[in-house]
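By written order: A, B, C and D. Residues from 1 in each chain.
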Amino acid sequence: MSSAFVPANPDFESVVRASFGMQGLMRAIGARLVTVTPGRVVIEVPFSETVSQQHGHFHGGVVGAIGDNSGGYAALSLLPAGSEVLTVEYKVNFIRPASGSLLSAEGLVVRAGRTLIATRMDVSVVGAKGVEVCGILQATMMRVDAPPV
Amino acid sequence: MSSAFVPANPDFESVVRASFGMQGLMRAIGARLVTVTPGRVVIEVPFSETVSQQHGHFHGGVVGAIGDNSGGYAALSLLPAGSEVLTVEYKVNFIRPASGSLLSAEGLVVRAGRTLIATRMDVSVVGAKGVEVCGILQATMMRVDAPPV
Amino acid sequence: MSSAFVPANPDFESVVRASFGMQGLMRAIGARLVTVTPGRVVIEVPFSETVSQQHGHFHGGVVGAIGDNSGGYAALSLLPAGSEVLTVEYKVNFIRPASGSLLSAEGLVVRAGRTLIATRMDVSVVGAKGVEVCGILQATMMRVDAPPV
Amino acid sequence: MSSAFVPANPDFESVVRASFGMQGLMRAIGARLVTVTPGRVVIEVPFSETVSQQHGHFHGGVVGAIGDNSGGYAALSLLPAGSEVLTVEYKVNFIRPASGSLLSAEGLVVRAGRTLIATRMDVSVVGAKGVEVCGILQATMMRVDAPPV
């Protein structure tokens, strides 16, 4: 789906990694930026008490947060230098319990317009039954100018 | 909107508080369960580096997480003893930057069916301009039997 | 919610009515533009075989269509002359059967940015139990320049 | 995605076709049920004035309606005899103008639970640039008992 995308900024990976590195929430939940390719980003979080809900599964808020982020950074990977991405909105369906040792979100750009970028994301959990998709997302991202440094 | 709701379980508040207290994520981000009334729940998070994104605002993942939780617990407040709530899905629109010292999510039940409960949530931020809504959510919650202790 | 809005175009009502009048789908389903005030639009559809699903209720597609349209025109009512509105995305929850003689969608602007406008809509049905909300929606609208005539 | 699904009712296709045939809205907009396989349904609508918006494109309400329906019937194709499907909620992103001669919605089941079924749908338009996806949807469907005849 994302294979046809040509990044507008050859330094897209360092732009994405720099932004991710400044997100306190990602650090607090132990998230890692695993893959950054044009139009496709993968983010992982190992299980810990910090990311749990009341039954010891991953909290849905973590599924949403890394799902959203994987889509936002997939969008950013395609944008010209000096751009940032805001999430306009996202929607998530929780289709299986997020029970396991590792949570992995794959964000894909579906359509990159000049201002708005449509994305879909799958969040999978590595658990007793192998790798299973536990959350599916759809989102709108928006390009904005990066604030001056 | 929620004023007409009659809780099926007189101990609804302690059920909600016990579940909230077991969520590692809520503890990790410093969330507090402020209000628990029938069909209406308020959750707050003070700003900290833990809940930040790259510009020092609240991370959208936190807006989503406490928004979702406030709706889920609003649903749980109306259910009979022995029930739990799963989030089937939610959708969030980010309508202003979540920039300020405190984030507050108000979850309201719109319609409580036997199995599915429809909810709407507003997430507000206390910032330089006073209190402003920064995120609006709509969600489907599902009643399930609580697992045996 | 919409009472504070000041329209940028004093002729907002005629702009909205002209656009609505050009929608073949609205004519085909018998939709009427009932109310056009700044940031708030109401659209109604009487029941007919044309708008039915398999049990003789209003089809969910009609709930979505007039819900979406009521929000889009609520957004358009606030925009400067020469603007049009596109729906970026919407989400609808069907919370009761849409069973009755009349369907009514009320679209409200929640937040009007320069480019994007956030809206919420309630769709109600007039049936045996009186007026009941059967669908709730949340949407993102986008301002674009109207094409030259 | 849907290839692994085994239908619970060998007569699934006639169940789906019978339900579709009773929808007045589908008849009114000229929709055809093109493909019914386990977990996958395709619905098409040729362009006409009936399905138009103000610029002569397909109305977004039609994109939503046939997208929703293709997912609902994809879900129904997997359910035991005596079942019906309700749409709990759906979300649609409009990612390109729906401009062309034919609109085609493909609904796929992503996860079929006992009560709830998660679906994704793509709506494409056949236009001057060939076949292009113009709408992407994500939805929750619910199994209910069919009412006695």
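Criterion: a residue touches a chain if its C-beta (ideal position, glycine included) is under 8 Å from a C-beta of that chain, and two chains touch if they have at least 3 such contacts.
Not measured: the values here are computed from a predicted model.
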Interface with more contacting C-beta pairs, comparing B-C to A-B: A-B
Distance-maximising chain from chain A - centres being C-alpha averages: C
Centre-of-Cα separation between chain C and chain B, whole angstrom: 28
Chain A-chain C separation of Cα centroids, rounded to whole Å: 32
Mean-CA-position distance for chain B and chain A (Å): 22
Chain D: positions in contact with at least two other chains: 88-89, 91, 93, 140
Interface residues, chain B side, partner chain A - complex: 19-20, 22-25, 28-29, 48-55, 59-62, 64-66, 68-69, 86-94, 147
Touching residues on chain A, where the partner in the complex is chain C: 88-89, 91, 115-116, 140, 142
Chain A-facing residues of chain D, complex: 91, 93, 95-96, 110-111, 113, 118, 120, 133, 136-138, 140
